[in-house]
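First comes the structure, then the notes that go with it.
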Amino acid sequence: MATSAARLPPADYGRLIGRARRVDLIFAGAGLLVMLVAMGMLMALIVDLAVDGMGRLSWDFLTSFPSRRPERAGILSAWVGTSLVMIVTAFLAVPLGVGAGLYLEEYAPKNWMTDVIEINVTNLAGVPSIIYGLLALGLFVYAFGLGETILVAGMVLALLILPVVIVATREAIRSIPQEVREGAYALGADQWQTVRMYLLPAARPGILTGTIVGLARAIGETAPVITIGALTFIAFLPPAPVQPGFPFINFEWLNSPFTLMPIQMFNWISRPQAAFHLNAAAAGLVLLVMTLLMNGLAIYIRYRIRKGMR
Amino acid sequence: MSIRQAQRSGGVEVEAREVEAPERAERLAVPMAEPKGLTQQRTQAAAAPEPRAEPAKPKVEIRNLNFWYGDFQALKDISIPVGERQVTALIGPSGCGKSTFLRCFNRMHDLYPGNRYQGEILLYPDGINLVDRRTDPMLPRLRIGMVFQKPNPFPKSIYENVAAGLRIRGVRRKSLIDDKIELALKQASLWDEVKDRLGTSAYELSGGQQQRLCIARTLAPDPEVLLLDEPTSALDPISTARIEELVDGLREQYTIVIVTHNMQQAARVSQRTAFFHLGRIVEWNDTELIFTNPKESMTQDYITGRFG
Amino acid sequence: MAAATDTPPVASDELVRPSGFFLRRRRFADRLVRLILFAAASVSVFVTGGIVYILVGESVVFFSQVSIVEFLTDTQWTPLFSNARYGILPLLSGTIVVAGIALLVAIPAGTTLAIYLSEYAPAPVRETIKPLLELLEGVPTVVYGYFALLFVTPLLRYLIPGLPGFNMLAPGLVMGIMILPYVTSVSEDAMRAVPNHLREGAYALGFTRFQAATKVVVPGAFSGITAAYILGMSRAVGETMVVAIAAGQNPNLTFNPTEGAATITAYIVQVSLGDLPHGSIGYQTIFAAGLTLFIITLAFNIIGFYLRRRFREVY
């Protein structure tokens, strides 16, 4: 009853296998080729930036304000602005993001409200960054009257990286085994105690990784900040956060105009003079090193987490 | 003697005889010499199934097979013939090497790093060594089919699942593919249930149906040997019974090796049984003899349920 | 998850026996915490609401002065000129061309790389490549813009003599490399989620790696791979700095990638750099353009959501 029409004689197997193995090899080659091209581009990018910008990197460059003369221009106001804005961003994004992540993982009941929140978080992760800028412009700068300030920049970047922090928090908490929770509840802890004393500490590395990745992204974000009106030629520093007299800390700097590293770079590269392009390369180098270091740190922490889990 | 065995041999009582060559276990129950130091003579088996004493030609012969997972030796010096057009059952407690042994036939272990074969698995009629490093792993897979413990149909339609093996072997003519699919599904006792919905997703079938689909998919390219790795352990008793019936029918055309942790299944379905323990074959013989008159006390202990 | 508000009775006399007051205070604290966390989670809803409110609000004002028909069909976008024209088509064509080039690079290359990482690469290779891809992802977009303008364009000039300084090809290609890591990592995650016993079934049948990857794993990961593509499309359309720097900011209704053009995003940046009085029609154009962009990405997200739901795999 069995028809053997499809059974090949042993000799043909050799040919079939040979042909199939060749296809396999070609595809593996293609995969490696893609990888090489991508890495090659990254290398080319770094080298190009270094070749153009290395010459301009100096102590003067880091401590001068921008200027109409390219050889005198520096990134002082830019990196100070970036640091201050990052402080605000972290200050806003971490509590909001961790809080939201905690709520969604541990507290949220399975109802329509929770669904709406989750859909929103997913959706916001896909919204282009410049739209956040438009939101901040219309709402924070004008409707709330906060003006084009460091505070608003911090707010818009915090909202931008909020989904990153939320997802990182959720993943970190989700990976905690159920036994830990059950043990805590069995001891008589209530929900907040369990979260505060057991879950959050265990999730800390994961949350930290997510925060670092988010901030690394925020450092390089230009579009939303330009939209809210960050000026590109700032030749002054915001008021210092600390002061010698009482109360030692002031918040005036939040209200100050400012510029950021990527904005400064954008400004320089938009000029036709090639000399400014060199400045842009140098600024870009500093920026790149900062983001690569932060991303590298996050990767390292994640590696340590995984090793710890083995 | 069980009713089934009586029906086959026509109620003839058989006696134990010391013979070296493997024989068709249906006609005579013949105990084999023990695996250690076994020498085999191959005899030609008659092609037609007639009720007379015929030695069974081995389809596969395993000689001194050793296998390591990394540093751990999982199979120790296995030597056993697998008779053509017979069902050979592998029984034994969990983790003693039955599935490991089965997966050597089609080089499944090559998919994971760190494994090592030593010895021979010879596939006849050409006598090629399947576990030789120089043999491409695809070769045994093209000639030998395997059905897994958990049904694993592809995320495609029923038709495409059964056609998969044919397509990669270069079969292109649609009429031929259609015929072979119908044949395979009939052999797997699934045709009547799905013939009107060949285009629907395989995941809409029940567990037992999915497993029969996997059997059909394996049969379509006419494998020379069929490996069944605990095919019914994930199924309900009714599906199990159907598949056992199936296997019994398939025996007429295919050489079958089945791993099972269910001794009754081995007794029902196979003509020859091998008992595995800690990576060795303790004893192998005609099924009837293994269960009624085992030579090793360990076999006796396992069969009577004293361990495992 | 229910909060455990009952404490077990304590045996020792030194320990505080939980009083009603103690339990009530804990319950209150617990509710307060829950409320605070809920507020944090609701921020995301308010953000979406805010976005819609602002975009639609300003656009309504805009559309009270410019007809929607003109907006959607006029072929010139010159809102800042004295003879202002408000046709969004040039910005749309710029966005589509650059995003199209980027996806033409990122989708085939990204999928190939994902298949390679998931089905071919041994573990050490995979563990090296994945962090490298993450680094690629982390490069700031201004830096990519610099690269596109001052390295890729001159390079392309060897192949295409006469290529203008601002063109759509260079940023398109660079954006492709920028999006590649996203497509690869989401696709690869989806493929790795395909259970191993499906692969074993394929290999046992005699499939090669390539056949198993394309005929079993990729169909089995279809919904995740679709998500990866949609994600890539959203990012391509929403990208700003690379195009603002390297494609120029001149609205140009064309599908020729060797010409410069402006995308929706580049236009918004251009206006924001200038000095437009709040409430002027020029100011409102960025919201109208932003609304168009938002609708496009929202459409992608919804399509992606439905595709994923429809093809969700049950192994």
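Every chain is named by a letter (A, B and C) in the order it is written, and numbering of its residues begins at 1.
The definition used in the following text is that contacts are C-beta pairs under 8 Å (C-beta built on N, C-alpha and C of every residue); 3 or more make two chains touch, one makes a residue touch a chain.
It should be emphasised that the depicted structure is a prediction, and the values quoted were computed from it without experimental measurement.
Once CA atoms are averaged chain by chain and compared with the all-protein CA average, the nearest chain turns out to be C. More inter-chain C-beta contacts link the pair A-C than the other of A-B and A-C.
Ranking all chains by how far their C-alpha centres lie from the centre of chain B, first place goes to A. Computed from the mean C-alpha positions, the centre of chain B lies at a distance of 52 Å from the centre of chain C.
Averaged C-alpha coordinates put the centre of chain A at 56 Å from the centre of chain B.
Chain A and chain C have Cα centroids lying 13 Å from one another.
Within chain B, the positions touching two or more other chains are listed as 138, 142, 168-169, 221.
Within chain A, the positions touching two or more other chains are listed as 20-21. Contact with two or more other chains is made by residues 208, 211 of chain C.
Contact residues on chain B toward chain C in their complex (touch as defined above): 106, 108, 111, 113, 138, 141-142, 145-146, 148, 150, 152-156, 164-165, 168-169, 203, 214, 217-218, 221. The residues of chain A lying in touch with chain B in their complex are 1-8, 10, 13, 16-17, 20-21. Residues 122, 197-208, 211, 215-216, 219-220, 222, 313-315 of chain C touch chain B in their complex.
The part of chain A that touches chain C in the complex is made up of residues 20-21, 23-24, 27-28, 30-32, 34-35, 37-39, 41-42, 44-45, 48-49, 52, 95-97, 99-100, 102-104, 106-108, 116-117, 120-124, 126-135, 137-139, 142, 159, 162-163, 166, 181, 185, 188-192, 213, 216-217, 219-223, 226-229, 232, 262, 265-266, 269-270, 277, 280-281, 284, 287-288, 291-292, 294-296, 299.
Across the interface of their complex, chain A is touched by residues 1, 3-8, 26, 29-30, 33-34, 36-45, 47-48, 50-51, 53-55, 57-58, 109, 112-113, 115-117, 120-121, 129, 131-147, 149-151, 174, 177, 180, 208-211, 213, 231, 234-235, 237-241, 244-245, 265, 268-269, 272-273, 278, 286-287, 290, 293-294, 297-298, 300-301 of chain C.
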